[in-house]
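Just passing along the structure, written as structure tokens.
Should a chain be cited, it is by its letter among A, B, C, D and E, assigned in written order, with residues numbered from 1 in that chain.
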Amino acid sequence: MTEHFPVLVIIIPLVLALIAPVAGRLNKIYSWAIALLATLFSFITSMLLLHQVMYNGTISYWMGGWEPPWGIEYVLDYLSAFVLVIVTFLAVAVTIFARHSVTNEIDDNKIPAFYGVYLLFIVGLMGMIVTGDIFNLYVFLEISSLTGYALVAMGKRRKAPLAGFRYLVIGTVGATFILLGIGYLYIATGTLNMADLGARLPGLFNSKLVITAFAFFAIGFSIKIALFPLHTWLPDAYTYAPSAVSALMASTGTKVGAYSFIRIIFTVFGVKVFLNQWVSVPYFFLIIASVAMLVGSILAIAQTNIKKMLAYSSVSQIGYIMLGVFLMNPIGLQGGLLHIFNHALMKCALFLSVGCIAYKTGISNINDLKGLGFKKPYAMAAFTIGALSMIGIPLTVGFVSKWYLALGSLENGMWYLIPVIVISSILMLVYFWRVIDNIYFKAGEPNDVAKIPATPASMIIPTIIVAALCLVFGTLAFIPVSITEKAALLLLG
Amino acid sequence: MFEFTILVIVISAFLTLYRMVKGPTIYDRILTANIIGTKTVVVIVLAGFVFKSPQFFIDIALVYVLINFILVLAFLKYVEKGRLD
Amino acid sequence: MMEFILAKYNYWIYVIIMMIGFYAVISKSNLIKKIIGLSIFQTSVFLLFISIGKVDGGTVPIYQGTEAVYINPLPHVLILTAIVVGVSVTAVAFALVVNIYREFGTIEENAILEMIKHDD
Amino acid sequence: MADLVLLFFLIVCAVAAVVQKELLNSVIILSIYSLIMAVVWVRLGAVDVAITEAAVGAGISTVLFIAVLTRVKRREELTRIRLQILPLIVVLAVGLTLIYGTLDMPDFGSPAAVTNTHVVPRYLEKGVEETGTDNYVAGILASYRGYDTLGETTVIFTAGLCVVLLLRSNKKRL
Amino acid sequence: MDVVTSVKPLYAILISLIAVGLILAFPRKPTFREFFTVISALVTFVMVLSMLPWILQGGILEYHIITVLPGLNIALQVDALGMVFALTASFLWLVTSFYTIGYMRSHYPKDYTGRSVDRFFAFFLIAMTSAIGTAFAGNLFTLYIFYEILTLCTYPLVAYDKTQEALYGAQKYLIHLLGTSLLFFLPAMFLTYYYTGTLDFSTSGILAGNAPDIVLVVTFILFIAGIAKAALMPFHAWLPAAMVAPTPVSALLHAVAVVKAGVFTIIRVVLFIFGADLVQGLNLGYYLAYFAAFTIIVASLIALRQDNLKRRLAYSTISQLSYTILGVALLTPSAITGSVLHLVIHAFGKITLFFAAGAIYVASGKTEISQMNGIGKKMPFTMAAFTIGALSMISIPPAAGFLSKWYLTMGAVEANQLALVAVLALSSLLNAAYFLPIVYRAFLKPVENGEKVKMKEAPAFMVGGLMITAIAVLCLFFAPSVFLELARMIVAAM
């Protein structure tokens, strides 16, 4: 049984995703229960897998018993097990949150199908994490993208379908570019297995095929993770999606994209080529990442819709992750990986707390938050923790990753990146403070505030838990740090 | 010999493109689709002979014919009634 | 030079088709046109893959004795999957377009953007 | 030679499909494009893919197009016909990158290409005995890379579910 | 030097947090709230006091809480310098608690049973936790955390009145403090960590020999710029802006917690991170000293022009804080002794002045100096205390301010910086120029005609508080031995 966990972690939710819409026809609560069951199962399994990886090393699972590179391989190492745990945990949290939030925002007759799609989204992400085959990656990428498009379009606002459609168009272009990259790599090497590619590519780096392949991977994944300036789909998508979907996508969607990109960069192409031959590529991406960090924050300052503000803030956070990745040294990469984890937690907390406020009120404008700090103390406390964490106050998770990113920058002698990190943090302080100020220190219209309905506990509790984890892992930082350290060393060989 | 035949058929199909682009009515275009469909069925069968294993190509040709037929029906029905059911 | 170009003619054509499709995707305002562009864009990539598989003198990848030279079947397998994926994307796109039309009564992106300029 | 004509055929169809103002015309032309594409693939020996493309690309996809056209406006609005510069630059950049990459590709159809010598030989040598089917494509699809196929069916299911989800009428929209 | 692990410093920090929990758990109960506030301040003070003997014997208490990242620990440590600050802070806190109760009762009678006052006291107590935490921080990282918490929890206190002006002032307060600490302090700390791998305090400094000179200079500048709480010009603007806060908060900000935390942090950084030798070796001390001298003079000049009493006190604070910095920048034994003493003495003197200002406001509603003619006759106790505070600022015996100024001047002489001696003298004159007129006005000028407002002393809680601090200022002059001994230990350890 245990040896089949790498595949069961995906297959069981997949099967449950087929059952959920059917079961939901009997009673719509069943479909939610099934979704919760599936995510819980995945979470527990992935914890076991992480445990297994820590004690027995990398797990390679051959699908159907065909050895790679002929068959499809599933690889669980420190990195993928770690990301899998993050994604499944947040999926559990958001699923618990979703129960009332979704009932509130989505028509009853759609709920069964919604949970089916929702589960498939998670399945797609998990598949992307676990697979060791580059084409299989594409297939799962498409599963998660397709469901993502539909989920975004489920929002209540009239702009939601358009946001979904635009996301679809640009997302499909991105995915097709990735497919092109896969094709070019296949032409160059004749294989699709990531490890095999990693073994066969050195020596081919002068080939224009491989250069082009990397270019297309880079563009494709930049679209998928919304790296500036290809971020245009993200703000609308996050803003108009239902609360639960925004929380799930913001905390897991782009992170898994970043993970896959990291896999491509380090496992397939290998770090050596970037250090020796394509030296300008890391520089290029460092510039892009720095610009993303600053521009994302500046654009966030300009927003009045709180979800849109958070979405632009995601754009800048992606810059942080990519900064760490392209520093190409262990500490910096560790910072990037930590930021995947940390940002997932923080953004989840922020979006969940915003979802709590929006519940039955539809509040989305920052100015409408006045006086809510004491009407919804728990949600707003979670928001505050998330915000402080984003700014990078010590003892929150945000601090840890920024610390490592800065260390990594100095390690490369790139001291000029530190002001970028610092200024971006200051900009975050500016836009988050505006919100917190409204929440706590401005009095709202008493009538409006009195009318706001209470939020169900099933929404508050996951919000609080995720926010609390921001503090817990900011203080007990050695837990993610030790895992990412091993993962970074593994990636850098 | 087969190659030459294929070439001729393809070129003759190519000529029908004029009607496809020019129109002027929708029926011209549907007809073009139909003609190209029928011609390419022949091309597929001939291609089978080029690969010296026509048995694998005959079923494609059959599927092809069916699809082409259904497509034309669908187009016409849509033009006629404005819907498919 | 000419020989070089001819030796890869499939590849040049696929690039051209891809550019046509891509241009339609990013420049057309009509949503259906965008989807049409997307279809062309995707199929051009499929054409690339199938072209990779071609082996001169090879026969269709169905067992005909051990001596026969076969066309590379792996790209075919990949593309079978990719075609289905492509159509699925198209289907979802259609559903979105229908939703958008219900909402706004038009499928011209420019017109819709004009309409929602004053929403937040 | 015939292949070249077919490929040229594709280009004409693609351009026509994009340029046509009447959406129905575009759809018809797109279906022709798909049919021709299937023929090209037949000529390249990809019989299974050709069947799929004919059935899925030309058939289902076209029917879906028509189904949508029954629900929305049929004409593209007449915006000023001029080339947009930025998209054109982007497209050209992408195209040039691809051409750049293509320069180092092995010649079209070359049996010595690494694609034909690395992973594939095993499929061709042992495929029939290991999978028990004569059709290599089917063998790889269902066996060696069976998991991709599972993913593929999941994608279909996903798309179906998404469409159901999206096309249910909206009551709660603001 | 005996280093002993002890939980006591942790308790000292946690006590007021427990009180916060209790206050929030029993909302709208003024008696409870007052009781908890006073008790927790008292217990904290006793706790701090109980550690004093050990410190005076030359011992050090430590408590390691958690390791966040390798080299980044959260740890507590009680040494002589920390003890000075903790002792001052916890004692004045106790006094301020009483004063605050009186002030809040009489100034917000309507809200007094409400939740907003509950929150006021809660934040007030969190501020105490963080001030004591700053004092007892065992390394720079812990110090930074408490420093930030102090900023965050005093923001609501500054903004308490929620008027347009209060919100604006509070915003300025926050942006300056949080902004500089994130923009400069954190990177400086980061650089220190990068080059040394640790942030633990060491009496000889940790940076020496670990980093290139240019980095050291940059780090030093970043530290000085980042610790805006010390209100060195040009990072002083938050202080006058924060004057909108209720007076107990102003007293807290300007005498005890916030500004002293800033100065304390600078002392920590200069002596325990850089180390006296390194600062001297790079000549950084003199630059800092002249910088501080500039602030002393300019702030005093600005203070002269202020009519609003609290604003004048604020600029006076800016000037006085730089004395402490000046002392530590000179790095001679006497100067450091003076610096440490000034940290304490100024706290007592300035809090007296603020208490007096608050008492005048509560009793008469007057905020401008020009309105205060003859006020001394109506409020003799308050104005007597004010006079003592002012004398301390000007450094005239028997007020304690004389002592610290004396040591500072000695230090300047030791360092052969006669220009700085002149600055100190000039500053005393300026202090006299802006404080004595107030005293003169209050006692000797007749009450303006037509003003028939009945004035009497402020509530007993407030007057009691300010009398205690005023007496303390006098006592410190005659019996400074504890603080002198602690200062001597700091100097000896270097």
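Convention: contacts are C-beta pairs under 8 Å (C-beta built on N, C-alpha and C of every residue); 3 or more make two chains touch, one makes a residue touch a chain.
Quantities reported herein were computed from a predicted structural model and do not represent experimental measurements.
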item: For chain C, the least number of touch steps when starting out from chain A; value: 1
item: Each chain counted as touching chain A and chain E at once; value: none
Contact-connected components, chain A excluded, all else fixed in place: B, C, D | E
item: Farthest chain (mean CA position) relative to chain E; value: B
item: Most central chain, Cα average position; value: A
item: Inter-chain centre distance, chain B versus chain C - centres from mean C-alpha coordinates, in Å; value: 20
item: Averaged-CA centre spacing for the pair chain D and chain C, given as whole angstrom; value: 4
item: Distance from the mean Cα position of chain E to that of chain C, given in whole angstrom; value: 70
item: Chain centre separation in whole Å, for chain D relative to chain A (CA means); value: 29
item: Sequence positions of chain B contacting 2 or more other chains; value: 51, 56
item: Residues of chain E touching at least two other chains; value: none
item: Chain C: positions in contact with at least two other chains; value: 22, 26, 52, 59-60, 62, 74-75, 78, 81, 85, 88-89, 92, 95-97, 99, 103
item: Contacting chain pairs - touch in the sense defined above; value: A-C, A-D, A-E, B-C, B-D, C-D
item: For the chain B and chain D complex, residues of the former touching the latter; value: 3, 6-7, 10-11, 13-14, 17, 20-21, 23, 26, 29-30, 32-33, 36-37, 40, 43-44, 47, 51, 56-57, 59-60, 63-64, 67-68, 70-71, 74-75, 78-79, 82-84
item: Residues on chain E engaged by chain A in the complex (per definition of touch); value: 66-70, 72, 74, 115, 141, 144-145, 148, 156, 159, 162, 167, 170-171, 174-175, 178-179, 182-183, 186-187, 190-191, 194
item: Residues of chain D touching chain A in the complex; value: 97-98, 100-106, 113-120, 122-123, 143-148, 151-152, 154-155, 157-159, 161-162, 164-166, 168-174
item: Partner chain B, residues of chain D touching it in the complex; value: 1-2, 5-6, 8-9, 12-13, 16, 22, 24-25, 28-29, 31-32, 35-36, 38-39, 42-43, 45, 47, 50-51, 54-55, 58-59, 62-63, 66-67, 69-70
item: Residues of chain C that touch chain B when the two form their complex; value: 59-60, 62, 64
